[in-house]
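Have a look at the structure below, then the notes.
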Amino acid sequence: MKAIALNATLKASDGDKSSTEKMLELVLAELRKEGVEGGVVRLADFNIKPGVKSDEGEGDDWPELRSRILDADILVLGTPVWLGQPSSIAKRALERLNAFISEKDDGGRMPAYNRVAAVAVVGNEDGAHHISAELYQALNDVGFTLAPNAVCYWVGEAMGSKDFKDLPKVPDSVSDAAKMLARNTVHLARMLKEKGYQPVS
Amino acid sequence: MKAIALNATLKASDGDKSSTEKMLELVLAELRKEGVEGGVVRLADFNIKPGVKSDEGEGDDWPELRSRILDADILVLGTPVWLGQPSSIAKRALERLNAFISEKDDGGRMPAYNRVAAVAVVGNEDGAHHISAELYQALNDVGFTLAPNAVCYWVGEAMGSKDFKDLPKVPDSVSDAAKMLARNTVHLARMLKEKGYQPVS
Amino acid sequence: MKAIALNATLKASDGDKSSTEKMLELVLAELRKEGVEGGVVRLADFNIKPGVKSDEGEGDDWPELRSRILDADILVLGTPVWLGQPSSIAKRALERLNAFISEKDDGGRMPAYNRVAAVAVVGNEDGAHHISAELYQALNDVGFTLAPNAVCYWVGEAMGSKDFKDLPKVPDSVSDAAKMLARNTVHLARMLKEKGYQPVS
Amino acid sequence: MKAIALNATLKASDGDKSSTEKMLELVLAELRKEGVEGGVVRLADFNIKPGVKSDEGEGDDWPELRSRILDADILVLGTPVWLGQPSSIAKRALERLNAFISEKDDGGRMPAYNRVAAVAVVGNEDGAHHISAELYQALNDVGFTLAPNAVCYWVGEAMGSKDFKDLPKVPDSVSDAAKMLARNTVHLARMLKEKGYQPVS
């Protein structure tokens, strides 16, 4: 079983440390305990061209990312919170996944069918529920399945400025959520790998 | 396999015909083709008291509804669109389902685990994507699993006033969505009935 | 100048103390410093019937509330956070305000024109930005004007359970937000009282 | 009085015709009738670097755009609908406007204070209410004022594929909304130009 974790932070890898990265590593560690291998891809390191096709031509890095996403059984989409909303880079990835809607097979199944998605959200403050709502809907619209409690998140108190990466210790509630997310997501991915969704004729 | 469809229209059964009811009947018909039995419950006919507990005391009809929800393998939550948002009655049902979060078993599993949810949305105009986002998030937060393309919806053109119940024919895109929703949801519900989510120790 | 603050907590006045009430009193205190009088109305104490008309008949308390809302220059809508979303009671009030859309005068102006709205949100955790988004949109759709930074909110850290009403001291960031909200909202309400929106012929 | 309309379509100017552009031109035409001059800026033609500062360094076109935004009295943000949500380019612009929150003057006022914002949304189908909600909240958070009915939108029937740019005629409901938006927005912008928000000491 394979997972891919997309980090939609606004910072490239050569920038500051990313709180979203720390959260995704936490989720991946739990996935590994369930027998799933995988790593984080920093989206800001790639040239993901604007558009809603699977290939936007010359210089577009999306076809490579798309292929890595479809090569995995589990997709974890991680985003920081800005203004209570997902990052523009998370939105860019969703727009490119939009192409799946017009890439159904003869049975009406999109390329993401039989793959399970989960979400990670990190911010100084407020926004995680809304972000998981928007990401669930977009990921579900393009064909991913969602296990219960498919989000792992941390945000500080209202109008706070603490960073998740600077917390002396990951709160137990966050560790527990990562564990539960991994347990449920892998269970579902295993079952769908064994017997996938049936075509509609 | 059993399904329960909750109709969150603002109208009680003795009122006007409900477009949401028509949409839920469409989804139930497809579920029946997959071997699932079930019916629609009109929430406006019940006294669902405000609160976030499973029982809000004297005169509260929620305990009965809660028991019917947990008796089913599949929950379809149907809501009309008002101001681009789900109805207050849909929100009331979600608030009461909130209690599941504090009713986990020793393995961290909520009462809704191993049950699959889907969503139906009907309106004169615009709002279905947002409503599915909010409902997916709330239903997922309280323990339901979501199959891909878990929404069946219809809304008319911007600022329009056509009613789904008055359309001379259900659009093919809506029939197809209902069929796909049923196919995927039942597949998942069957697998989870056979082998449910494992506890986290 | 008059304000009305609607408290959309799920609890009636004879129940537990309301964190939303505390937040609304904070906002009202700042409005009073700007020369505006007003009080809090606990919506759960009223029978607001489901529907989208200004009067839903026998036993409906909305007509009285509607008249008090239109009697004020400023509306503050306060809601608790449940599942990251506004309460069903806040939604009920918005559904009833929906009627304004079909009550335009000959110049295309709804009854709420020249009135300014603001929002107050309180929860144990995460949800304030999304709630202000939904409330802004619904209030704006039914004719209210919004001053900058029209929300005053508090939520605790992710997955926390602290209550605003139990904080030993209101955080400075919250007091500042209340002050700014009051300053801006009253400025706008004064100007609109002097010279309101012009009709479209 | 000056307006600036930002077109957040995913297509650069040398690409296909933009439905969002057509909608923004409609709004600008109405603004001109109210004595406001202004034009459309196609954001996809610019290099808006990821980040949340007003200047993200070498090659960043945002400082120029920021200056044009602050030079105008009215901002109209136009976005296409993808997956029921605003475009990644609209989100990018909002992230950059986020910097206003830390650029308050001594009186607590952000650079956008006394400027009025409005929103334009165009899509094949469903998403306009949610998008206006998200844009209202973000624009309000960074200091803009919102007149009533501050959105002009068009989307087709559920799951439709018609483009606004291909409609033989702009629907009356859309023309009326553009007119109302312009009338209200200009009224407010004029008043705020005459007498702006007062500082909080």
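Chains: A, B, C and D, in written order; residue numbering restarts at 1 for each.
As a convention for this text, a residue touches a chain if its C-beta (ideal position, glycine included) is under 8 Å from a C-beta of that chain, and two chains touch if they have at least 3 such contacts.
What you are looking at is a predicted structure, and each value in this text was computed from that prediction instead of being measured.
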Chain pair, C-D or A-C, that carries the greater number of C-beta contacts: C-D
Taking each chain's C-alpha mean as its centre, the one farthest from subunit B: D
Subunit A-subunit C separation of Cα centroids, rounded to whole Å: 35
Inter-chain centre distance, subunit C versus subunit D - centres from mean C-alpha coordinates, in Å: 25
Multi-chain contact sites of subunit A, meaning residues that touch two or more partners: 83-85, 129, 133-134, 137, 141
Contact graph of the chains (line, ring, star, complete, other): complete
Residue ranges of subunit B in contact with subunit C within the complex: 10-11, 44, 50-52, 82-89, 91-92, 94-95, 98, 134, 137-138, 141-142
Contact footprint of subunit C on subunit D as seen in their complex: 108, 110, 112-113, 129, 132-134, 136-137, 140-141, 143-151, 176, 179-180, 183-184, 187-188, 191-192, 195, 197-198, 200
Touch list for subunit A against partner subunit C, complex: 83-85, 125-130, 133, 153-160, 171, 173-174, 177
